[in-house]
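Below, chain A partners chain B and then partners chain C, in two separate complexes.
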Partner chain A sequence: MSTKPLAISTLGKRILPGAFFLPHLIVFLIFFIIPFFYGIVISLYDWHLFNPDLREFVGLDNFRRILFESDSIFYRYFWNGLRNTFTFVVLAVPPLVITPFLLASLLNVEPKGYKVFRAIFFLPHLFSIATLVLIWRWVLNTNVGILNLTLAQLGVDYIPWLSRQPFAWFALVLMTVWWTIGANMVIFTAALKEVPESLYEASDLEGANTLQKMRFITLPSIRNQLIYITIMTTIASFNVFGQPQLATQGGPEQSTTVLLMYIRNIAFTGARPNPGIATAMAVILGLIMMIISVIQVKLIKRLGD
Partner chain B sequence: MKKLFVLLMGLTIVFTLAACGPDERNDLAPGEQAITFWNIFTGPDGAEMRALVDDFNAEHEGEIRVSTQTIPANDFYEVLNTSVPQGQGPDVAIMHLDHIAVNAQLGMLNSIDHLIDENMGENYIEQAWNAGAFEGSRYAVPLDVHPIGLYYNKDILDEAGVEVPTTYYELIDACDALQDYVDHCMPLSSMWPSQTVFTAALFQHGGRDLDEDGLYPAFNDASGYAALDTLHSLIYEHGISPGSVNVDEDLTLFRQGRAAFHINGIWMLNAVHESGINFGTASIETLFGPEPAIWAGSHSFVLPYQTGLTEEKEEAIMTFIEYITANSLRWAEAGQIPADLTVLNSEAFQAMDYHNDFFDMDALRFVTVSPYFEDGFEPVYSRVTTAMSNSDADIQALLDDAEQEGIELVNEALGH
Partner chain C sequence: MAIQAVQKKKKRAAFIVLSVISFFWVMPIIWVVSTSFKTEREAVSGGLNLIPREFTLESYRFIFTDEQHNVARYVFNSFRAAGTHTLLYLLIASLAAYAYGIMRFKGRDRMFWLLVSTMMIPVVMNLIPLYNIMIRFQWINSIEALVVPGLGGIFGIFLLRQFNLSIPRDILDSAHIDGANHFQIYRHLVLPLTKPALIVVGLFAFMANWNDYLWPLIVLNDETYRTLPVGLALMQGTYNIYYSRLMAATVVSMLPVLAMFMVAQRFFIRGITMTGMKQ
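Right, the complex of A and B next:
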């Protein structure tokens, strides 16, 4: 053990990393940690948005009303919103993980012009949600949309993509896949590069086919990235809001009104905005997301064994 | 090298934080009032408003300086709702007419009773002025009214020898006569602005949005049924419009010359104009029912709640509001009807044919001024969409659902 006082350069080594993560820490505190705990506090109150002095502590009553009071409008909003959010997660997560994986696998072969395609696939990721929905509304419009006009050439009747089920869900998943391919594809591409070529060569000698290679070499090798992508995609899908808000306006008949849309409306609109109920809904949604993430980690870890 | 890194890092943090600060210049002249103004005008109308504000600032150099912030309409009320209670709101803001009562009741707005003289209202369109008062206090000064109306393709109507329809039966006859001349007679969007069309139809059948106390839904009666059934049967019985028309699809078909008629707000005037279609405008006041009524909205100026406003500043704010309303001819060009009667009756405005053909002053109807409007009436909007996008929609069941949801939301808001 050295008892020498710390040299300046050593001190710098200790402070420097801090200087790098400090900006993120500040943002993380302000926009995540503080609202997170503040939200839990609000969920225990009958909260008044404009006059917090009038708030009244009600314990878990907000949670009781949402979860069990079946003749309450909030109960119906919550369960309908949760069902719609779940529907989106179930429909969206598989294509959101599989499509980028397949594209990354193709790019990994490095065919001619793969760099151009990599850029093209990544491009939609840079669009804002408003732009995304604007573009897709013009593609999916019933009477003037490119898709229906194209299908009409093949003799298919106009399909009301945004105002009839099950087309509305299909439309929302389609635009989400197109929008988010980029981020996951980049991670998959990097992961696939890391898989040692020798493993594939060895499996060739053993006579393994393509599917076997994927199951026993590729997937176990990229297990960590797969866990990360699946969890982050699931969490992002639970937070779906912009696509149904702007493209279907929650319709038809509130079948795509996801939980976050109800939460926002309850918290901010009407003659009596009710942040207590809204944050209670958000807390429950957060708990559900945590539980599902843990289950996912366990399941995918088993995949590699 | 490391020191350079730390320095750069530090500078980055400083600049990032500095960039979060308000975008205000601090070089005010002594006695000059700085006013912040929030609005929702993100489109071409935003350019007109900025030009008006620039004119105002130039004319009041050294006395008042207004800085404008534009927030997209989708987020506007949430941003306002979260900023004002923290004392971070603007000095003056634009607000839609149907939001004034609820925000006044929530304590979001400062009353302006002490800032206006009793005759001021005589200079504005009466219905729009009245909508700015709630429980005996005044909260708003109207800038404009924006009704919905009928756009028609002159070339197609001339070719077919069809007159502009003014009633439901004339509309059906006109569409029959136009069948061989155009793809679609009058595409009706099942989404926005279908709620305004439904509300107009409701008023035209003698119905009400909320009851006379301004509390509970009142649309679920014979008039509400007739209104919704009218829109449904226009599409699925008379075929004047395809089904499941999305937002702006109706506008696109009209702009492409593939539709004879189009119903939309006056705010679409320039968008229609740009298409190069030879078009005219007409009032829809009796198009769906016998009682003349046109749905209209209005943008008003309000003073979001804040404490410690000096008298000088309040006066400066009112000077600004009165300047903009008095100079709103330019605003009318953005596709609005000025609420200021002097501007409205001016020769320059009377010469704007599209605007004047669009509406009839006596038929303008606004929704009930009530804090419970959103809770009590808006649940019907999604049911209007359903009725207009399903040939087999059960009109009565949809109205029942909407009424039930409205009653429950109002009860919740009342704490019952």
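Right, the complex of A and C next:
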């Protein structure tokens, strides 16, 4: 390794790096960092969307109204939205981690045509949310969808998948699994390939069963990828918006109206949009997501030790 | 011998299970394609047949000529926005990755990791303030709103820098001794050497922009720049009961990404593998 500096002169040395990283840094500051702090400012104001001059500083009042003022509509929206978002996270994250793990385990055996299988499972990952929902609304259509028509052949009554609970949650999780597991599956496949075969052979000699092998060899070996996948999947699930917005319209009876839907509605729609309240909600949601990420890292790290 | 037999059995079992799951996985897509070639009447007739009794392209003709929701325009708009975004991002990100991966200057690594650590900030917190910035820039209902804000993304720079770090130092040094300056080394050495990574980053940037729904929904309010996901979502409302039309539009929306996947599958797989290995 040479330690000789690449730059030609000291002057060039000082100016040149900037010429390379500044275009990005400027855009990054304007559209990532400034909004972050600007958001915290907005959450402290009674903010007017189209006429910021009318804003009024209210301190933490937006947060108080959301969190504690139980006769406020925003309190009801926030807690209902948060509960629904949490419900989605709790229902969706386990299948979103376990399904791709199982598929990766099967692919890892490398049966005939496993690359074709991998491509098939990965494919939906490329569709946009609107495409996804159009596909599944048609598949799950109560009267003429392929699922209910098939079930009818088996003697099952038509199920209103998108307009009654608990089917609505099931449908949302199902389409999300179909849509997103491709990426996690690819990561798991690569991780499983890295586990040394000799570890399994050694455990065979000691008479370990499949579960023991998974617990003591596979899981610790892929710990880093497991952490990464669990956290990314959890964060993505907290950001759920398009599926309930487009597939169930938040129903039935606002039971799938997730927090991000309320945030968007409060900030941008209605006679009097209220970005201050909406931003305060987003700040709380963001904090919750960060805290949960940290807890997950700690938990999974302990699992591997 | 015994171990080989077990292996073979395992492979066969995995093949059967994967075949069954794959069948269910592609069924929704086949059902959609099938419906798009049916007449509206047949689409809602409740038949399970995948081959249309009366094959028709009427739905495709309709969605490509419709005044209210023109799918061709949505596809064009999406391509224009995602394409522009991708080219600009590749330029900006490869320059930055050159600075953080190849050049040497004081505080380089500290600066880079500070950037990376901001990836922890949940995007949802930026949504509303970013909208306010769009108002100030008068970028509501403009292509800039679709193209520019995402250019600040860190992820592509992260991947490109990893690649840059793996370029043997000797090559760079000898190029320098031969009198090449940084822009020449960037242009004629680093860019060609990191082409696979650039393709991966380009694909990811394109897909993210192409598929984005919430942001264009917020910043666009008429048809001028409306992208495919938002347009599709609106069609779902307008043509509520015209399933054949909706499914034709769905098929059209799948085709570009399908084509891209066919051509560049290994880059997708490699890119995602790289993201998972980053610890």
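Note that the second predicted complex is superposed on the first by the 273 of 305 C-alpha atoms of A that agree within 3 Å, B and C clash if a C-alpha of one lies under 4 Å from a C-alpha of the other, contacts with A are read in each partner's own complex, and residues count from 1 in each chain.
Please note the rule applied: a contact is a pair of C-beta atoms (placed from the backbone, for glycine too) under 8 Å apart; a residue touches a chain by one contact, two chains touch by 3 or more.
In this text, all values refer to a predicted model and were calculated from it rather than measured experimentally.
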item	value
Partner chain(s) touched by A:H24 [first = chain B, second = chain C, both, neither]	second
Which of chain B and chain C A:T279 touches, first, second, both or neither	second
First, second, both or neither for A:N239, with chain B first and chain C second	second
If touched residues of chain A are counted for chain B and for chain C, the larger one	C
First (chain B), second (chain C), both or neither touched by A:T142	first
Partner chain(s) touched by A:F268 [first = chain B, second = chain C, both, neither]	both
Touched partner set for A:L16, first chain B, second chain C, both or neither	both
First, second, both or neither for A:F117, with chain B first and chain C second	second
Partner chain(s) touched by A:S293 [first = chain B, second = chain C, both, neither]	second
Which superposed partner A:N51 touches (first chain B, second chain C, both, neither)	first
Contact residues common to both interfaces of chain A (with chain B and with chain C)	12, 16, 19-20, 23, 49-50, 52, 137, 141, 143-144, 246, 264, 268
Partner chain A, residues of chain B touching it in the complex	2, 5-6, 9-10, 12-13, 16, 74, 77-78, 81-82, 84-85, 102, 105-108, 184, 187, 190-192, 242-249, 252-253, 256, 371-372, 374-375, 382, 385-386, 389-390, 405, 408-410, 412-415
Residues of chain C touching chain A in the complex	10-12, 14-15, 17-19, 21-22, 25-29, 31-32, 35, 43-46, 48, 91-93, 95-96, 98-100, 102-105, 108, 115, 118, 120-133, 135, 148-152, 154, 157, 169-170, 172-173, 176, 181-182, 185-186, 207, 210-214, 218, 228-233, 236, 243, 246-247, 249-250, 253-254, 257-258, 260-261, 265, 268-269, 272-273, 275-279
Residue numbers on chain A that touch chain B, as the complex places them	12, 15-16, 19-20, 22-23, 49-52, 73-74, 137, 140-144, 158, 160, 162-164, 246, 249-254, 264, 268-274
Touch list for chain A against partner chain C, complex	1-2, 4-8, 12-14, 16-17, 19-21, 23-25, 27-36, 38-39, 41-42, 49-50, 52, 103, 106-107, 109-114, 116-124, 126-131, 133-139, 141, 143-144, 146, 149-150, 153, 178, 183, 186-187, 190-191, 224-225, 227-229, 235, 238-239, 241-242, 246, 260, 263-264, 267-268, 275, 278-279, 282-283, 285-286, 289-290, 293
